[in-house]
Each structure stands twice: as C-alpha cells, then as structure tokens.
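Chain naming follows the written order as A, B, C and D, and within any one chain the residues start at number 1.
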Amino acid sequence: MNPMETLAAEALAIALPILLAALGGLFTEAAGILNVALEGLIVAGAFAFAVAAEGTGSLVLGVAAALACSAALALLAAAAADRLSANPFVAALAVNLLVAGAVGLASEHVFGTKGVVPLDGLLSPRVELGFLSGIPFLGPVLFRQRGISYLLAAACAIAAVAYSATPFGLRLRALGMKEGSLRIAGVDPRAVRYWAYAASGAACALAGIALARSIGAWVPNIASGRGWIALVVVYLGRKRPAGLLAAALGFGLLFALSNAAQSVLSVPPELVLALPYAATAAAALSGGARTRGRTDRG
Amino acid sequence: MNPVRRSWIAAAAVLALFASCAKGPDDSSSRPAVPAAFKGVAVFVPGVVSGSPIYEMLAAGARRAAESVPGTTFRVVEAGFNQAEWLDKLAALAASGEFDLIVTSNPALPELCAKVAESYPAMRFFVADAYLPGNPAIHTVLYNQLEQGYIVGYLAGLITTSGLPGANRAKKAGMVIAQTYPTLDKLIRPGFEAGLKAVDPGISLEVRVVGNWYDANRSAELTSSLIDGGVDVILPIAGGAGQGVLSASKERGTYAVWFEGKGYGLAPGTILGCAVLDQERLVRERVGALLSGDKSLFGKADVVGASEGYIGFDPEGDAYKALPSELRSRFEKALTDLRTGSPAFRIDSL
Amino acid sequence: MAAEPVLEVRDLSKTFPSTGTVALSGVSLSLSAGEIHAVVGENGAGKSTLARILAGLDRPDSGRILVRGREVRFRRPRDAERLGIGMVPQQSLLAPGLSVAENVVLGHEPRLLGILLDRRRAYYETALASANFSFPLDPGSRISRLSPPERREAEIVRALARGGDVLILDEPTSILTESEAETLYGLLKRLRDAGASVILISHRVREVLSAADRITILRNGSVVDTILPAETDDCDLALRMASSASCFTADGPAESGGQAVFRFLGANFRDSERVTLRDLGFTVRRGEIYGIAALAGNGLGALEDLACGERICDSGAVELLGRNLVDWPRDELRASALSYLPTDRDGRGLCLGATILENLAARIGSPGDWSRRGRAARRAEAFRLLEDAGGRAPPDAPIDMLSGGNRQRVLCVRELGTFTPAVLAANPTQGLDPRAQEETWNRLRSRAREGAGILLLTSSVDELFSVADRVAVLYRGRLTELGIRTGSVTAEAVTRLLTGAAA
Amino acid sequence: MKPGKEGRRPGFPGSGTALALGAALGAAALYILAAAEEPGAAFRAFFLSPFARPTVLANLIEQAAAPCLCALGTALVFRSGDFNLGGEGQAYAGGALSVLALLAAPSLPGPAGLAGGLAAGAFAGAFVALPSALSRRNLGADVLLSTFLVSQAVVLVLDWAIAGPLRDPASNLIATPVVEAAYRLPRLAPPSWLSFAPVLAAAAAVALDRFLRSSRRGLELTLFGRNPDFAVSMGFRVRAYAFWPLLASGALNGLAGALLALGANGRAVRGMTGGIGWNGISIALLAGNDPRLILPAALFFSWLETGSRQASILAGISVDVGTVAKALVLLFATARFLGTARRKGTA
C-alpha cells in the first residue's frame, strides 16, 4: 500500500463510526430535536457490549445488550422531555453526565477496575475481500478494512436507507417539517419521536461497539469526543445522508492527515481537534444556523 | 407564601441541624507540629488504581507498611485523571483530619504537597516517582528512569535489528505517548534513545503524541502509521490509550516493549519485555520507616535505580523466553552492566 | 335531490368548555352525492367547528352523524377517512420539504419488501388520484416549489387519495388570489363531475354563488336556511349571513379637520401569506375613529402590521403624526405616540407567563430606575390602572389565569389608560362578552373625544358601525372608502363589499 | 426548544426541583446502601461530614462561588430567551487570561493586581461570548449551537496553549507559571481556601435579582425572553436584549474562571474548569433561573460534590456517585410533573 492508499483507508476507518453516530443524530434532528447525548450513548453502548460480550462470551448477546442499553438511555431522555416536560436538550446533556458517572461505578463492580479491560478475541480482524482488494487504489482503500468496518458501512447504509427510503424515515422527516401533516394522516407524532430517539441510541451503540472492537478492549472514555464531532457532522451535512457522508469523510481525512503529519511537522492534536468546531462555529455564526430568525427586526 | 423565602428558611434549618450534629472544631493544624508516629495513612492516587500497575504497587506497598503498625487508619483515595482537581482533593484529604501521612506517586505531586503543607503544617508526605529536596514536610524518591528507559531501549534496539518474524530491515523504533511531560522528556525518552543507540547508533526513534490518556482508537491509528513507516517495536506511554498500541501491534505482527509493570499478559506474543519498577518494595520500606518514627527522611530527595534493585526487568514472560538465546544473552549482559554502573546515568536535578 | 344523502348531520351541538362559547347549536345538514354544498357564515358562525367535527378532529357534545344512512361516531381523523371523508384544513398541513406523492401517502405508505417505501407506487397512486380528478399535478415535485393553488390540489388529492369521495374544504381560497380561486373552483367542479361530494366552507358570497349547488347559511352556530343559488343573489346572501341585519343610520359627526395621525400614501405590500395590499391611501385625523372592515384573508393583518410599524411597505409610505413610521425610534413611538391593541392579543399584546402587573408595567416607568422606590412606584401605577378598570384579579397572578375577556381588559387598561395621540385597535372586541365590548368601545370613543386619532381594524360590521366615524372596507387587498358613517352608508353596503358581493 | 417560550407550563411549580433533588439524593443513598461496607459510616460521610469540620464547610462554601457565578450568567441569558452553553470555554478563557495578564503586568499593589486579573478574566469570557452575541443580534443565529461550538474550540486551543507555549517549564503539572502571591485571592480562614469569592457571588446574585425584578430594563428583558413578538410590539430595544445578556453571561463565566485560577492554584492548570459550565447550567435550572435561589442551589451542588469526596476519603465510596447524582438533578431539573405534558418538541 502506498501512502495515499494508507491515508485514504485510515480516513475511511476513522470516518465510519462517526458517520453512524451522526446518522443516529440525524434521526432525531430530522424529527426536530438535536440529540446532544450522542457522546454518552456511544460510551454506554460500548460499555454494555463489553460487559455482556465478556460476561456471556456471546457476540450476539453483547450487541443486543449494547443496543438495548443505548436505546433505553435515549428513551429516558425522550420520556423526560415528553412525559415530564423537561427541556429535551438538557435531558440529553443529563444522559451524557449520567453515563460518565454510572459507567465508572459499574466498571468498578463488574470488571473490578475503572481502567482498560482487554476483551480477548474481540479484536475485529482485517478482512480482504477476495479479488476486490486487488483493484488499484480502491481495493486497498475500501476492501482491506477491518471486519467491523464492513459491518459499520452496512449499518450506515441501512440507516441512510431507513432515513430516506422507508415509511419510518418519511414520517420522521414529515414530523420535523410539519407535525400537523402526521396528525392529519392519522399518525401519532409522539410515537414517531420516541422511535427516533430509540433509533438514534441504537446507531450510537453500534458505533460504540465498533470502537471497542477495533482495539479489542474496553477503554474508559472510549468515544473521546467522537459523539460531539458526529453532532457537528449532522449539522454540516445539512440533514442529507450524502452530506453527512461527505462531512464524516472530511473529518476522517483531517484526522488521518494529522496522524500522518506528526512524522513531518508536529501539529498539536488539540489544534486539529479544534478545527471542526471552529469551522462549524464559523458556519453557525454566519447565520447558517438561522433556525429562529426573530430578533433581527424592530 | 413566598416560595423563595420559604426555601431560604428551610436551607437555614437544615444547615443548623447539620451543624448541631457536627463535631466541634478539632482541626489537624491545632495538633503538635511533629507527631511521634502517624495515626492515619492515606494513599492519594492521582488517577485510578485498578489497571495502573504503578498505582497498584503504590497502594499495596503502603497497605502492607500500614498493616505492620496496628491501629493505623489506612485509606486509598482515587483522585481521577484531571490534574486540575488534584490540589483540591489533596487538600480535602488533609482537611478531613483523619490522616497525617499522605503517600502518593507522580512527579507533579510534590509541588501540590508543598502547597497543602503550607496550610496544614502537621501533614507529612511521601512521594514516590518524584523529586523535591528541601521541604521539611515532604520526602521524595525519584526512580532513575533514564535507566528504565535504557533497559527497554536496549531491548527494543536488539529487536529492531534482529531477524524476528515481525522485525523488518528498517532500523526504527517508536514511542506513542499521551502527551509530553518533564519526566518523559528529560528521563524516559533520552534513556530509551540511549538504549537504542547502545545497540546500534543507526537506529532512529519516531515519537507520536495521542493528545490524551484515553483515546485508544487514535493511538491504534498512530501505531498503524508508525508501522507503515517501518517501525517494528514500540514503547507506549499513554495510559488507557496504550491499549491501542498493543492491539495495533498485535494485529500487524510487530512488537511492543512495556514500561508499566509486568504486562506480558496484556498482549501475549506482542510485548517482548517489561521494564519494572519495584514501587511496592520502595513504598513499603520507606513508609515503614516513616511509620516507625524515622523523621530524618523528611526534607530528603533520593534517587534510586538499577543498582539498588528498584529498577529492573521482568524475565518471566513466555514471549521474552521465546526470544533467540543469543539476543537474550546480549540483553542480559547489558542489564548486568547497567546494575554495575555501566553506563552510568546521573540525575542532578529534575 | 332524490339520492340518499352521502353525509348527514342532525342536531349537532358543541360548546367549548374553556371559554363557554357555543360554537354549534342544533345544526342539521345533508350532503348529496355529487354536489358542492357550501356552508357560509361570518367569522365565528361555527363553520370551522362543523368542519372539524366532520373530519373527526373534534367531537360534538350531542347530535348524530350519518354516513350513507348509517350512524357513525368519529374518534380520530382515521375513522372519518375510512368512511371516505377527507379534509383540507384552512392552514396547509403539508410537509413542505417532501414531494406531493410523499405527502399523499404519508401514514399509508405503500411498501416494497415489507420495509421500504415503494416510491413508484406512491408516485403511481398519486398520479392516478390526480388524474381521476383531471388535476395536472406532478407527484414528484416538492411542496415548497408549488404555487398555492397547486398546494390546495395536493391537499385535495391527499384527502381523497384512498378512495374518499367526500371532501371538506375549510376556507380554501383564503390564501389564494382571485384568479387562483377560480382555478380551484374549476377543480372542485371537475371533482364533483367525477362523482365526489364537497362541503365548501367560505364567507365569500360571490365565489360561493358561482361554485355551489346548495348553500347552507350559518349564523351564531345555528342554521339559518339551506337554499339553492338560484333562489338568492349576492346581496341577499350577504345580508342573511350578517348577524346584525339592521341598518345603522346614526348621525355621524362631520369630518374632523384635525391634524393627520395615520397617513397611508399609496402603500403597496405583499406579505408572506400572499395577500397583496394595493395602493392604500387614506388619512386618519385627530379626534376621529376611522374604521376599516375586512373578513379574514383580505389583508387586514398585513394592514395592521404596516400601521404599527412591525413591517415596512414595499412601496409608498406610512406616516404617523407627520413623520415616516420607519423613522420613529420604536421605544419612543410606543412610549409616547402610539397605543396599540393587536389582534393577536396573546402573542403580541400580552406576555403570557408574566404576571398581570408585569404586563401592565411594560409601559410604565423610566429605564434608569433600579431602586426599590421606582419599582414600588411602578407597582402603584399598575395597581391604579387595574383598579380603574375594576379589576379584581390578584395583580401578581400570571396573566394566563385570566379569561380572554379579562386579558383584553388588562390590555385596554395598559394601552388606553394613558393618552397618546395615535391609537391602533385591531379587532379590539373579538371574543368579548357584550359588557366588555361596550366598555372597550367607550374607551375608544372617549380617547377620540380627547383628540386621539384612532385607526380601528375590524372584521365585525357591528363593531364598525358602533364606533367608527368614517368607514372603509378592505377586500382582497383593496380599500374602498365609504366616507362618513351616516344614513347613506348602510350595513348592507358594507356587508356586500366585505363578501365581494359588490365589486 | 426555546427556554422562555414555553408560556403556560403545566404541572405544579417547583415539582421538577423536588423531583430532581429527590432523585439525586435517593440515587446516592441507594448506591451507598448497596455498595458500602458500612452503610452507616458512608451515610454519615456523604451527608453529614461536610458540615462536621469548619475547614471542610468553608471549602464547601468557597467551592460554590464560581459555579454560582456561572449559573447567574446562565440564568440571565435564559431570561432573555436563550441558552448559553459556552460556559466551559468562557470560564477557561477567563482563567487563562487573568493569569496571563498578571504574569505580564508590572508589579502592582496586590488588591489592584487581583482586581485587574479578575477584570481580565471577565473580559476574556465576554470576548469568547462576543461572536455568538453579535450573530444572535444581527443574524438571528442559534445561540445554543454557536456558544457550544465556540466554547469547544476555545477549550481545545487553550488545552494546547497551556501544554505548549504558556507552560511553566519548571513544573511537572501541565500548567502556566504561578502568579505572584499578592495577586491571589486572600484566604480568610486558612487552612481552608475560603476567600471573598462567595461574597462576590452573593453580591452578583443580589445585583442580578435587583436588576431583573426592580429595574425597568430587567422587566423588559424578562418580557423579551418570554415573548419576543410582544417585546417588538412594545417597542423594547430588542437588539440590545439579544446582545448584552449573552455578553454579560460570558463575563460572569470568565470571572468564575478567574476566581478558580487565582484561588488555590494561582495558575491556569490544563482542564481547570472541570465541567463548571455544565454545573452552572444545572444549578441555574435547579434554581428555576431565580437569582435568589441560585446561591442555595450552588451550595447544594457543592455539598453533593463535597459529600461524594468525603465519602471517598472516609468510607471508600466512589466519587462517581456524585456525578450520577448531578446527572439526575440535570435530568429532572427542568421537569414539571403531575400535569398533562404539552409542549412543542423542537430542540
């Protein structure tokens, strides 16, 4: 593999979990709620996976536990907002904090450590897809990834299809655009909203599993800000799956470049991480986020 | 009627209630300045114990020392990784009044201990893995980590120039670090580099920075890029993120040398050697001495190393034992030389 | 009409408990197959409530609904839909970012492999439905790109796409221009010819006369009569709708020669609801009440926005006290020059969630005053205003606790409690009981006597004739000035103008 | 969802606060019951020991000061109808600039230097909030999003700067050099860290309360926050109200950061804000954005924190209990229960 191929392959591997979490964020964003709990949901999913997979030795149970855990947490935020009229944004922030505290407590009791837990045999191996991996450039970039990356890509595709080509996705989008259009069509908008939260949790759980499996271990704070970046990706992608893909790949490339750049010039990683926020902030500040233009008169 | 006023009154009532159950003032500052012995030992862990060998040894050593003196209160307190909170938590430990000796380990701690000691003159501190002479409340012992670096560096040098299946022709070794800090810059890295050069002056060292102590996925990516660049043996000093180095190295069939305790089990076949600090022994001995009333140690800053046996190498790993015997004998000779002062690493200040 | 009615209601009654308003009392109505049945009435006559009940969005207190002879009960919109009844609400409920086909199939999506949205079938179903009614609608185009009549078409298709044959339209032309409205009525006739039945709710007499097969007139929640278009003409119909058919012939004062307060100079304005105000020119002088009447959808809201300075006209100018409204600093304007009773009382006139006192104090006191004394002074002033109005509510209670009438009282106290040279009153007595109504009118009258120039915008002919000195009518964005209210200006003339009965 | 636009919120007023407190304390108690070896001792350590020693109590009070200032800023912006989520970055910038200013400054009399440092901190916080305030006023841009994004970027840049160019090479901590002792917050009751910061916070709370309840501008601001259309129609200076509260909130956050930096540490340490911005938001929400209740709420939070720390020191209970308790406060603080939940579900 030449350096360009390596870079592109790495960018793709970095981008995929972020993309999936962002698609999860897209589900709620389309339904009209910005889900800021993505970071916490990723961590919760990864942890639940680690506990269940390590405890039962079954990958399937691990995945099921992760999906259930993250979806339940997302629904907790949804229910607090819907049933108790809590501010949905604040409720989602609370979920992040709750995960930070509860995972620490649980890890100590389950694993006896708040630190790293190697998950033996859960490292997802690299899989070369037969003759496909021999295609010039595309082969090494696309088809010599980890097994989990193919699954992630499939999950991303499913999420994108669910968003743009299923009745569920249609209802989601209609909900965000005009709630009344659902009511008059006989669909309960609240149910759609709950499903959106649950789907968002499930997507984050898968992203978390991917993070854990690509290093074969549970590591505290495993999301390391990827949930927040996913949020930024939702915003930059302008609610279109293709846009999200472009934004996620852009970040993947940025991070891969910064990794590579360390050998030639030392770009501090903090500054690289600050870039997406600064870029998105610039977009938001210049009025791109003009969701409620109401003080601009009078 | 007014909910605001009502809640103020309620708050005041609760406060009064608690205050009345509370004990009277008996601050530690009002006790005699130098105690004959210590009634309570607290281990202050600037991080978390489990998963960190150096802190596990710290806690175990202090525990054994405290248990040898009946009647001593003993507690391990984890302060977490945010160094900005350490001072507050250290002070809280002192303010609790339960302890008069705080045992801890980290190069950054002596300055924080000194600050706490200003407010709590009766408190005494023992800090391993740190260096601060001259403060009468604090005893520090610094490991000669130049030597520790040299040990893994020498082994890494032998590996990268060897014909092991995972070793390539490029004479390159790597380090993946969480972030730079003085001990790393001044001791570990120069020691590691010295070890490499001692094997072959042509070996070069590549260093990558993760940026934090937990992003294991990122450290795996960095490791991958190091390996792509021809590196075949890596020393991770990155806390939780170090797991990423091990996963990536294992996957690519390259090697790692380990710095944080006996780590062969973390990645069998990948970790070929572990430099060890006998922190447990050091802490047990020094804390034991302090508990038995040796006041002369306070104010002193010692440096210990291979010759005293506090820095060494753990040969009890299958991966190490499976190395070619010629390689092992070269390495063990270098180890013996180091113990007898060749090369000699001196630390004048930190 | 020999055929069995498709839809019939008998003795329908509905009272809204929160306000105590009787929306419908004993309404009966029948809809035959293949007819366009218009339900006409003034604002507040109960038309929309009837539509909502028929579409399953509201439930009646008593009365029966029969569909093809069988009694039914609607619990939710889907129940009505199952029986072939579809509704096009007054406010569009289409998701703007989706295509026509996507909106049409929403909630009943055709599926591919059980999970995917079958776009082709959605497209096909929509195309088929619109072809049935000969609508030239492209199922693939996005709603936000459609013209208003096309959106109406899309909503009709959505309402009837699943085999429905009864369509309820609530004021479908309120956001359409005249020619667009004609297009829509053409569509409705095609629908009827294809066998569908239509209930058309409107207050536009001429449009109704040309489009409907039968007309039911509602007044104050009761059916006045059901007639054929041939039995009436526009004037007759307009008068039968009007809740106060008597003519007002009170003597009006002579035109005051006072200083101009409000002055519209050829103002043109196209607002987001697509009502276009054309070439408005009139002057309101000190000491008079100038009343402009219009029914919903004719530009009264846009006129209100222009007159209070919330919006700026596209061309022409609006002057207040000889100074262009744009040049007035807003705080100075509202503090000392203009009192304003907005139509949207809860949104613009009052601040819900704040207390009664805070709402009153919003126009009292100087900005620099932080002291407790200043606060106490403001409170005292607010108390005085409240007492003047005979208010008995606790002043620290949230304003939300008050009934609509009492909220309006608070608003009146704040805006009319102190003298300003200009007053803008938009539907100031809508929804009020007669006592409160009279109170408000008296306040307006006394302010005018004191020399204020008052611009009254109203959708009630009653109100216009009770308080205005000079009257004008706004229909589809054009103003017809009728001059001084005297015997020569009758309520009949106004009603005809309002409903477009007379051009 | 706009905080101020909920208008009629059903349910009993204060029910959310009660639920939040109950859930937080209940969860802490449950965990202690389940996990502690000696629940009795752990209970005492968690709930009572913060009051058992004057020093601990004084530290508790001192610790409440900075989050209290952040909460006051949050409440002010909330009153104007928006959310300032940038507290973290604003406080960090405040802390860093106060230290930098004092390191660069010529020698001043201690109090003047301290005042200057605090002012520099407030300025830095306001400066970080400035772009969001400008774009809210001029473009109607989303404050919630822009404050958060700017803050995240600022935090990362400062993380880098403190580990890099601003770092004290002589220290093993990742931190700036220490400012002169004279410039630091004077300690009123050593060995505790108690300084005049709580007094400052209380004064700020009184001033904010006075402004919001007694001044004409405060009333206008509140009414603007609840209903901007109303404010426009009343001729209030809506452009000012869309701008100044956010800037003032930034200044309060910056001041809080400066208090942290010039307090115990006397320097800007990497990660020094440690979630203070989020704490500020939780406290403001818990207090229902009423300045009179913010100081008690801040003390409550400080008690939770001190309690969990004490429980870890005295009874070996994990400090994460405090985090979970805080999360539950945040989850329920905005809730209104026992009422029919009716609201618009837009974020």
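As a convention for this text, a residue touches a chain if its C-beta (ideal position, glycine included) is under 8 Å from a C-beta of that chain, and two chains touch if they have at least 3 such contacts.
Treat the numbers as computed from the prediction; the structure is a model and nothing was measured.
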Longest centre-to-centre distance from chain C, chain (CA-based): B
Chain A and chain D: spacing of chain centres that average the CA atoms, whole Å: 29
Chain B and chain C: spacing of chain centres that average the CA atoms, whole Å: 75
Computed distance of Cα centres, chain D from chain C, in Å: 47
Centre-of-Cα separation between chain D and chain B, whole angstrom: 34
Numbers and ranges of chain B residues touching at least 2 other chains: 78
For chain A, residues that touch 2 or more chains besides their own: 108, 268, 270, 273, 297-298
Touching two or more other chains - residues of chain C: 310, 330
Pairs of chains, among all present, that meet the touch criterion: A-B, A-C, A-D, B-D, C-D
Residues of chain B touching chain A in the complex: 48, 50-52, 78, 206, 208-212, 214-218, 220-222, 224-225, 228-229, 240-244, 246-248, 250-251, 266-267
Chain D-touching residues of chain C, taken from the complex the two chains share: 308, 310, 329-335, 340, 342, 344, 347-354, 358, 361-363, 365-372, 374-375, 378, 400
Chain B residues touching chain D - in the complex, by the definition given at the top: 3-4, 7-8, 11, 15, 18-19, 21-23, 25-27, 29, 42, 75-78, 80, 82-85, 87-89, 91-98, 106-108, 110-112, 115, 119-120, 130, 179-183, 350
Chain A contact footprint on chain D (complex, rising order): 1-3, 6, 9-11, 16, 19, 31, 35, 83, 131-132, 134-142, 144-146, 149-150, 152-153, 156-157, 159-160, 163-164, 228-229, 231-232, 235, 238-239, 241-242, 278, 281, 285, 318, 320-337, 339, 341-343, 345-347
Chain C partner contacts - residues on chain A that touch it in the complex: 161, 165-167, 169-171, 173-174, 177-178, 180-187, 297-298
